[in-house]
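What follows is a set of structures to go through.
Consider the two complexes below, in which subunit A is the common component and subunit B and subunit C are the respective partners.
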Partner chain A sequence: MRKSKQLDSLFNPKSLAMIGASTSTRKWGFLILLNILKAGYKGTVYPVNPKLDSILGFKCYPNVADIPDQVDLAVITIPAAMVSNVIDECGKKDIPNIVVITADFSETGLEGAKLEKEIADKARSYGINLTGPNTMGIFSAESNLHALMPMIMPLHGKVSMFSQSGNVGVQMLDYGLQENVGFEKFVSSGNQAVLSIEDYLTYFANDEQTDVILGYIEGLDKNSDFTSVAAEVTRKKPVLVMKGGRTNVGGSAASSHSGSMAGSTAIFRAVCKQTGIVEACNTQELIDCAKAFACYPLPKGNRVGIITRGGGWGVLAADACEENGLDVPELPRYLIREMDKLLPKYWNRKNPIDLVGTIAHDPLPQCLEMLAEWDGVDAVLALGAGFRAFSYQYSEEVKGPRELTDAMELLKEYLKERSRQPDEILVQVANMVSKTGKPVISVSIGSDYAHKKYSEQYGIVSYPTPERAVRVLRHMVEYSRYLKTSS
Partner chain B sequence: MRKSKQLDSLFNPKSLAMIGASTSTRKWGFLILLNILKAGYKGTVYPVNPKLDSILGFKCYPNVADIPDQVDLAVITIPAAMVSNVIDECGKKDIPNIVVITADFSETGLEGAKLEKEIADKARSYGINLTGPNTMGIFSAESNLHALMPMIMPLHGKVSMFSQSGNVGVQMLDYGLQENVGFEKFVSSGNQAVLSIEDYLTYFANDEQTDVILGYIEGLDKNSDFTSVAAEVTRKKPVLVMKGGRTNVGGSAASSHSGSMAGSTAIFRAVCKQTGIVEACNTQELIDCAKAFACYPLPKGNRVGIITRGGGWGVLAADACEENGLDVPELPRYLIREMDKLLPKYWNRKNPIDLVGTIAHDPLPQCLEMLAEWDGVDAVLALGAGFRAFSYQYSEEVKGPRELTDAMELLKEYLKERSRQPDEILVQVANMVSKTGKPVISVSIGSDYAHKKYSEQYGIVSYPTPERAVRVLRHMVEYSRYLKTSS
Partner chain C sequence: MYYIHPKQKEYMDIIKQALAEGRNTLSEFDSKKVLQHYKIPVTQEKIVTNEAELESAAKELGFPLVLKGSSFEIAHKTEKGLIQIDIRTPEEAREAFRTIQSRMETDQKDVLVQEMVKGQRELVVGMTRDAQFGPCVMFGLGGIFTEILKDVAFRVAPLKQRDTFDLMEEIRGKKILDAVRGLEAVDREALADILQAVGQIGLDYDEIKEIDINPLKIKNGQPIAVDALVVLEDPA
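Moving on to the complex of A and B:
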């Protein structure tokens, strides 16, 4: 396997020089510094700017050479033409890592490419790990390091991501905030003058804080060892990838964007199949997969048990399962007999199990448990499990005659009583997952947005549509099968 | 064309009898009544229950015969065995419309089927429009009529929906709340003992309040004239459909759910193609399409202009366009020349137009306008148009040294100044749509959730991923092409 570069001090630097630090709110040297400070970076910050004495309360240094201590990381935002000299200064100061935020290198033409080769050669000669240029920066939850251009505070979690587009990468961090997916480390790989996605992939594979690796890839170098690296990494951790530049027009856009040769999509797809990479077919699927792979055990096979509060969602989930190569096996007699005791006489006695809507009594918790424990299924979809029967807000004011107000009060009491139940179900689902070792995925929307937070709290994976849940399950099943058959 | 049934008084009744009205919070006869009252139904409500004098401040009648005035609609929640007699009472009282919420009819076996035939025959003999049985009810924004089991208050808008699953239908109303899609009328068609989806489809086609028709279909009757009805309706209004029971296992679930014969998916797909029905491939796509079809003009062709704040999203949008049969034409020279004046010298000069991120100056508004006005495109994707450069909340408290607090204050001022800009862009986009007659779809997430509300306010259509926007555009282009080529 590729020799792992020592990137620990890149992502977890004890000290950091911000070269190009500024007090102007319209400069990246201000905004990135603010991000770093605001996020509560655990190390020491040394702003570097020859024109200023102090910035944001920190003593400012004219040059990295003047910094009295060891510096683990330099973040550079000064104009492109000045970067090369600063690399020398960093080299002489024995700074092991540099992130060059500055753009206008190889992505903009021949002149920039020449400049980029110059800084890359210099960095290599000093043994410097250089990220970028033309990067949106890096993030590490472990060190509270937010050396990022966009003012985003990602959720912290177990997912680490490399991205050949800062834009797509940051959108994923932003989706993470929406969808409750927490990130551990993130790097926008920029022009990859020195460090490449293969380096980050290898590093994340060995990083104990990382459970799931996400990647956005536009293209691979001719001489890339991505395939052999990926084949080793996927044996340790899932690698979930989105490929940009899959088509002629997309590839053309990619070539002017990241300068990548998009290459053949068919070949890339074959690489994924061969190496066990999970290829998401859109960005939403990528974040959806990240959520489940980070929280849940893999299913041991492709047999899915479905339980639903409403017939229609059961039908749609079953359709999606069959269309995605998942089995929806028939219920065994013993299970039907047991559920006969809990459900109205006319229940459907099939998988998907259609719970017949009742107000007084909720058979879901018991039926769900029986279904999850049945050894005929490898995964369970619980449709409407987190669903609160009623979407009114308790606090909502009702106008009307006194009797209507009274009725609403009555109802509020009743709803309060019932509203404890979804929480109980969520605790139960969490227990079920650890007891059975099977993923139990909840599908539940939204009037009940609070459910999302509860899910997060209890470590439950939930999606707003049955189809999204099934797509994720398909990828989990395929990865699980890959691990079994390729060993 | 099928004779349109007079369903106006079903959806817009001047008066309504609630048969089975109750004061028990655990009965549908209470919850539906509460829904109706809470929503502010514009007509008169007559609760019917022989055991009570008054309910929620309304005089209660022992029998519909005792109601002194004309009743336009009876909503029935009494047990199945008692329904048949009540149909007679309604018939004698000349009530033209009945919604039978009660379940346990044909969906549960032969006995129920017999009972269902009996009430259907009776309803027909009286000339009654009967919805259900086994329905979750109906909704009409026009009359503030919420005769629905679930306690949901849909957004009001121009989309009307028929659903062969109450569950899927109500989920769509709930998605509507999440995704800012407003509904005008909704019916859960239940067992379709008398009124069928073909009747509702015909009615919605002629309903002036309805601009877009949504449908969830599990199966069609052998003798259904759905195809000929749909072919006529799609000439007036878009009909967007989701098909359940597409597979063996989904079809089997559907047959025990709605009793529908799912039929051949290939045939259904051919029907859609032939009649101009837009078939969504999942529930999310269905609500996404509803939003755009309700707000935006149709594109006249398949040529898409893309403008993006970040390269990666542009690549992904271009990929998605090509994969969905949409053209991304090259920019004409005059447009490149014009944009040269606004963009840095190294901009990509291609479609997608990759705006190079700058803090000081935002070229998006002008470039977007030029792109939309170019007669070489029929639709525009504006990626990141609603994007606020910074996702911190102004109100967020910052802990740290005084200088950091001061810096945040400085930044807040600056952000406040910048934050006006997205609103201006949204106004501009709305103007662009009406000026050019082209759909200009925004893609923007999340940290910036407020944008969603702004979009709603300004009538802008926005999605959180480029791929979702492109799928919608594909459906718009195909429907537009259908209208042109089939006339």
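Moving on to the complex of A and C:
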């Protein structure tokens, strides 16, 4: 396997120099510094700018050579033409890590490419780990390091991400805020002059703080060892990847069927299947998967038990299971007999179990328990939990006859009272996950905010549609199967 | 399961000669020679240039037969009327031979005489060289359905046996491999060997850019390459 580079001090530096630190609110040298300070970086910050004495209350140094202490990381925002000299200065100061935010290198043409090669060669000769150039920066929860261009404070968690696009990566950090997916480390890999996604992937694999690895990939170098690296890493932890640039380029010049049907998408998909990578088809699926992989156990097989408050949702969920290679097994006799005691005579006695809507006594928690404990299923979908999401509809003022407004008041009181109690279905979902070791996924109506709340409050995974839940389950089943069958 | 045939040199020569002549494809006959060397079952066939050879080939192979115009220059044999199928008598064979030769616009008018494989199911197995990941194996529905349904899936070579079985599961029309409508289930192990072998050819020969085995017919549950095309590219 590829040798793991020592990137601990890149992500968790004890001290950092901000080269190009500025007081101008329209410069990255100001905004990134502000991000670092605002987030409460745990190390020492040394702004570097020969024209200033102090910045944001910090003493400013004319040159890294003037900094009295050891510096673990230099973040560079100065113009491209000046970067090369600064790499020398950093090298002489024994700074082991550099993040080059500055753009205008190989992405802009031959001139830039020449400059990029120069800084890469220099960095290598000093043994410097260089991220970028043309990167949006790095983030680490462990040391509260937010060396990022955008003002974003990601949730802290166990997911680490590398991204070949800064803005796609940052979008995922933001998406994580909405979906309660917390990040441990993030890197925008930029032009990958020295460090490449293969290095970050290897590092995250060995990083004890990271449980799940996310990646956004547009392309790989000609001699990339991505395939062998990925195959090793997926044995340790899940790697969830989204591929950009999915158009069928090379295909048009082919002279055979085999040639013309192979697009980069089809081949990349094959690579994912062969290396155990979970390939998400869009950003939503990527964050949905990140959420479940980060906090749920993997299913041991592909058999799904479905319990639903509404017939239609059960049908949709069962359809989605069938379409995604998941089994929805028939209920055993003993389970039907047990549920007969709880449910009205006319219940359907089938999987999906269609609970007939009752308000007074809710049979869902008990039925959910029986279903989750049945050894004939490896995962459970609980559809229709959290129906309080509708409650807000009743909070609005109603105009009309007295009887109507009185009734609304009574209902509001009732809902208010109920909202003080924890949602017993969601509590039961959480219980069942820990009791059975199976993923029990909640599907319910309600805004993104509601699902985020369920996740925060109950530690469960919840999605607004059965289709999204099933797609995630399919990925979990496939990864679980990969781990079992590959060696 | 891979092996280097003692006569491998001969097959390198087919490729080298083709490249030296500036050709970028092998004829069906030569393409199948390459496949055969990797133990891929192919149709029994002979190249004939005159009616005497035709007669002895027919005797050896037995009826029914298929006759095809054979040349590396000819693609789309069906559209050009260069394939005559279900030939059951020496008379029919002679007539087909003459028809094909009259339609061939090439200098050489070789005709391929081939056993007719009866099989209702047609699959495709192929190989293409990806700039990033190298030789990749394709599997899916064959015959006219390859283009129409595009029900194919890929794996990067070398393929583990698990990859081959995954490929068989991945296509939408996977049920074609089962015992359907009174047909025998396809021998998946045999199919797995073919998929692995095609990947191995790609790994062994940089000169081979693409391979199409289409159709790969299923006869009594056994896969057999009925038509094949090897596309070359001088790696230098």
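Simple rule for what comes next: the second predicted complex is superposed on the first by the 437 of 487 C-alpha atoms of A that agree within 3 Å, B and C clash if a C-alpha of one lies under 4 Å from a C-alpha of the other, contacts with A are read in each partner's own complex, and residues count from 1 in each chain.
Operating definition for what follows: a contact is a pair of C-beta atoms (placed from the backbone, for glycine too) under 8 Å apart; a residue touches a chain by one contact, two chains touch by 3 or more.
Just so you know, these numbers come straight off a predicted model, no measurement behind them.
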- Message: Quick check on the superposed pair: does A:Gln284 touch subunit B, subunit C, both, or neither? Answer first, second, both or neither.
- Response: first
- Task: Would you check which partner chain A:Glu322 touches, where first means subunit B only, second means subunit C only, and both and neither mean what they say?
- Result: first
- Item | subunit B versus subunit C as contact partner of A:Lys222, first or second or both or neither | second
- Message: For A:Ala270 in the superposed arrangement: first (subunit B), second (subunit C), both or neither?
- Response: second
- Task: Identify which of subunit B and subunit C touches the larger number of residues of subunit A.
- Result: B
- Note on the structure: After superposition on chain A, the subunit A residues reached by both subunit B and subunit C are 250, 254, 256-258
- Note on the structure: In their shared complex, subunit A is touched by residues of subunit B numbered 23, 25-28, 30-31, 34, 37-38, 54-58, 103-104, 107-109, 112, 149-153, 163-171, 174-175, 177-178, 216, 218, 242, 244-250, 252-254, 256-258, 282-284, 308-316, 318-323, 328, 346, 348, 350, 352, 354, 356-357, 359-360, 384, 389-392, 398, 400-404, 406-408, 410-411, 414, 445-447, 449, 464-468
- Query: What residues on subunit C touch subunit A, complex-wise?
  - Reply: 24-25, 124, 126-128, 130-133, 136, 138, 146-147, 150, 152-156, 160, 162-163, 166, 170, 209-212, 214, 229, 231
- In the complex with subunit C, residue positions of subunit A that touch it: 220, 222, 224, 227, 250, 254-259, 261-262, 264, 266-267, 269-271, 273-274, 485-486
